[in-house]
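Two complexes follow with chain A in common, the first pairing it with chain B and the second with chain C.
Right, the complex of A and B next:
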């Protein structure tokens, strides 16, 4: 999701708005027709509502829907603003004090990896009734996807521009005002565009945790009541809103910016770092994370029955009399989730990358597929979790498919963009030898695609954890997602906190693992990305 | 044109050398004085350390050893008073600003003012009439370089550092520019240091040509160009110019040969 881009691939849409718009419209019509037919065929199974039925439902209940939508949009907007301001602020600190960057991104990643399914209920207890948890989760969902592009953007200027400013005797502030801020603008927009639907998703998940009003509340009610039309209606509205916000920010960006916005690839690498800095940063991150966790419990004087500190979690996992049982329960749940998560994750990655490659061999289709895929990438997949489960059932396949879908879209879009990043000069050289499309794909495009692919693979780790935990919580009733929901409702806070810690740590570890593979591969194929 | 805000300085390099972090030695210890108000050309093979030397003079690169003094002060002081301008090898135009916008930014950074008519004159001098409000992306490589030269001149610097300013410009435009531009810095009496790959340009434009050896840069020859000004193209065909050009060529090839021998001996 980092490699956002407001889209080089949308370029044809900008240039030949009239003709290029036909493709996506046709695609959309085809999807709608297929959906309608499938619904008619499956009419007795009570799983699929046809577009006509969804439309009918929405028209009949428009007041309910608009009220709920208003609430959720309000929460999402508040979280969007807070989260992005936090991101800008953090990026500012990293810029002023470069040594802090590793720690800032590390802590930010750890917070980003917190499982919303569990932080939701915890925040609910902390905030009590009201929009607090929704707004917080929306803010959590967006700040990381803005922070990373911004960090890259603030440095995305050739050295000579900085030399120019220095040659007139000016320092960092002039550099920031005249060079960095402008150079970062496209990256900021790229981040904001991804952030907008993410904020909506965050707000909805926040509402799952016992809010009074909003789309999330209605979704829970629809699932419990097995109201197929309402479930589909809500998912449709959530999807439409997300796609519209995404497109709106894209349009705004295209008005403000001169060039096509950038494709954001590798993670930012602070300059002048030594090898051991990485390890020092990891230790600092752990230290600060544990410190602020314990510190805030002490500072806000939270109820010890509910608020467990690092010491409590350690006791529960290792020292308490039932420590072995606790470890067993959590370990079992993690295993159950991993069985769904890992195949889904890889299936999503592989199909995304393969389909993108296949499409570049048939360039005619890309024009149609690209805008559609970009729009679908902004779909809050998790809110459609109930649908997938309705369709495929509560078994393993449903969960795996959902994780795969969650991973598929960002990977697919990133890879398509990456494949198009192939340097034009090199492609010209290949053309001059009349090399076929397959040779170009293998020798130029795939290496050019790798950074985008890995950026997507990294961001897909927390995303797939989110998908698997939400499905387990809302539908299947197994795995770590369900365990966290269950322990929250049973007030078994030892297990809840321990699960949160383990899930966050494992997500961050998975992210780091993909990052390590990424550095290995890029060192061979795209060393400039690591410079 | 308007008043010169800083008098042309003398530039002194004492025992100046540079070794990069990776161990690449770019510049051998060099002692060199650039006279106030003179134009000095630096010629030398590609990769020998010319840009590095120029950047050290501007204080953009810190020397590994030795000092640079501009009018007796460290480069930073001169930069702070906007006393120097550099035209970089890569034009370094900000893509979101037009040609005029880039020039205005330089004026703003240098805390200087200029009449719009003066900027128009400069833009026209470098042959960019009609492109004042065009963004760099829509200019050719040579046009961008010319915009960067106009920007460097706009702030009336006492010290002008030009790193291959005509590198991507066609031969005819190049001749035109090398007739027109020196008039400006001669009229202003600017101290100019010009890096160029063209030997004839070096001879025609400057008061002195310094020939550098292959990396690490060392002074192979220091040739005074005692030709009358203004220099015309006809003068370029005089026997004296030909003799000077030959001398520069000879020094260059000697530097190359020594370099090869040095490498062979290693």
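Right, the complex of A and C next:
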């Protein structure tokens, strides 16, 4: 999906070191200057600490920060490894048994769509004291963004390569070792890069379920105590670490990957699939999801006071005497959230795509814009959401901006890569007719970008749901995020579980809807992209 | 862990062993020892639970054969599930949350009341003060919308028209008051006013408990099953709590210092903790506890609680409070 976009984006920094290396420095300086000025202007508002104050805080409390960072980073790393191994394992199953792919991705999507606010306390009960929930939430946050690119990558090799292996009389194992794994590596690295900040966020939210120490623990403390230096200090450290891991994986990828991967425009569909297979898969996914839900409650012997099964949720929503009231409460909350989520989602998509186009037209600013974009995306939303809402108000704008930030970055990276995938031969033809960069952008690059854009738009659905529920839970106190937190504290577990089911189902439905739009749009504007 | 072997304890032991083996994440707690129990706290470590730290530090539990681990809470850590599932023997909740859980079918009893007075206050600034409920009329109050029933109950108890108050939904922070977006805040006596004091802003607080809002807070809850079958452990646990909190009362500064010493990674500030510890004392101790001992209640205080809980939409009976453990602790 987002394969090597970063490599290409960062390439100027490497290749033309002399000129382009100035870019990131300029970007960083601009941010610091703007930040310092804003903090000085807003000094009485108790929302923003200047970089100088943050630095002072970090120097004075470096031991505390280092210990907290060590704990959270350790949990995030464990979750990162487990989640990515799980993704590789699932991709392996789908490869060996192609018929299972639809079911695997469907189930994986459903689990990925489970809201953190609700899974945290359940994991805490399952694991008891210790780092279990932190590691699990970190793993949950990463596996899906690795699985999907990997599934594409494992098939992203020209047919002639497979023919070559076959002509030597070798079988599927050789194909896997010599062709598929090599083709998949860039996709794997792209997934790992996106996963790094996500794992850190997951580990921090896991600490909200009751932990002795860590960055998440300190975040709660800082926000409650109105300690703006500490809050921004934590945000700075978390962002810096996420950016460093992101860049480290990028560097590793460039060392490991010898050649640019062959450009495969379309996602090759698994062979021999028919239309009705999709519906069978959806039914299988529903059946397996309901089965494993009820099954784990039985297996772990969870108390019916807080562990509600499919039957309980159905009763609460349709059969109980207060079913209509329950539906009304959840429906209202979902509407409230949708009002924030939908504009934020589209704002993020449009900003991401436009910035990617702008960078394609004016490549000189890539070096400045890219590190800024990475940094913005790596700021853990749990640290800054309450402050951003304080800063720009708890009206619609604060939430919409935060949702847009979560959506913007993956879209931007994907679009940047998509724009660069314009077929060279077509570009040469346009060149020979002396077409300008704008014509090339409109007629060649944008159609080439569409699959990547839609892939990002699909992945952005769960991301925006995560953003809106976290902001509502921690900052604004409205919508479905707040309803879930409130029903947990009031032991209204029927409403909690029903909300979880509806949020996950609606997220998966939104994902499917974007897929449907994608097929219609590609059929009209870029039919060659449909395999 | 319950004494009987069931699917979860088997699975739990399995996953725990796997986890510990694979990642070296053992918590250092001897597994499945009969005398090991957990106390689930309602929030992150702070002087809010310093009485428990004193009991732990001075060995008042271990000398009676009980090894207690104190499990920290957090914003996403409801207390009731670990108590129901047996992860924790006792949890620290509040009468309103416990009542809600009971009405959802949880088998709980309140076995002790640490905060005799509910810590909810209306905090305001001296130049625009809220000294009594009637002063709220015409004011903008910053609060979480989820706490609207609390304000409604206060208004009903004091004959104030809630429509005369402008509710501004804010997150739990003193910032909106300091920035002048609201005139007062609905918060706890022991947190936002303390944060403001540490920022050099002296605020006024009107304790809602002084105006009829009777909801026991920081209550100890245990399941009916534990009350029937694990009485000795409950008595030892509560006895250590009572001793710890009496010692806390004797020297709150020392209690704050111990809190920081035992939890160096909690990011606590000593001065803030000392102030919080001192402000907590009047909420926890009263003539009632002086006469009968830590955690006590009477039929009258329970009746007042039932009335306020009724205003909050929770119907409960006096059975929710079970004083038998405290009676054993205090030898009455």
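The rule we apply is simple: the second predicted complex is superposed on the first by the 489 of 531 C-alpha atoms of A that agree within 3 Å, B and C clash if a C-alpha of one lies under 4 Å from a C-alpha of the other, contacts with A are read in each partner's own complex, and residues count from 1 in each chain.
Keep this in mind: contacts are C-beta pairs under 8 Å (C-beta built on N, C-alpha and C of every residue); 3 or more make two chains touch, one makes a residue touch a chain.
Computed from a predicted model, the values in this text were never measured in an experiment.
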Which of chain B and chain C A:217 touches, first, second, both or neither: second
Which superposed partner A:64 touches (first chain B, second chain C, both, neither): second
Which superposed partner A:492 touches (first chain B, second chain C, both, neither): second
Greater residue coverage of chain A in the superposed arrangement, chain B or chain C: C
Touched partner set for A:225, first chain B, second chain C, both or neither: second
First (chain B), second (chain C), both or neither touched by A:174: first
Residues of chain A contacting chain B in one complex and chain C in the other: none
Contact footprint of chain C on chain A as seen in their complex: 44-47, 64, 67-68, 71, 78, 117, 120-121, 124-125, 127-132, 135, 205, 207-214, 217-218, 220-227, 230, 299-306, 386, 389-390, 394, 474-478, 482, 485-486, 488-494
Chain B partner contacts - residues on chain A that touch it in the complex: 158, 160-161, 163-170, 174, 178-179, 182, 258-259
Residue numbers on chain B that touch chain A, as the complex places them: 55, 58, 60, 76, 78-82, 84-86, 88, 90, 92, 94-96, 105-106, 109-110, 135, 137, 155
Complex interface listing, chain C residues touching chain A: 6-8, 11-12, 15-16, 19, 23, 25, 27, 29, 38, 40, 44-45, 69, 71-78, 80-82, 84-85, 87, 97, 100-101, 104-107, 144-146, 169-176, 178-179, 191-192, 195-196, 198-199, 263-269, 272
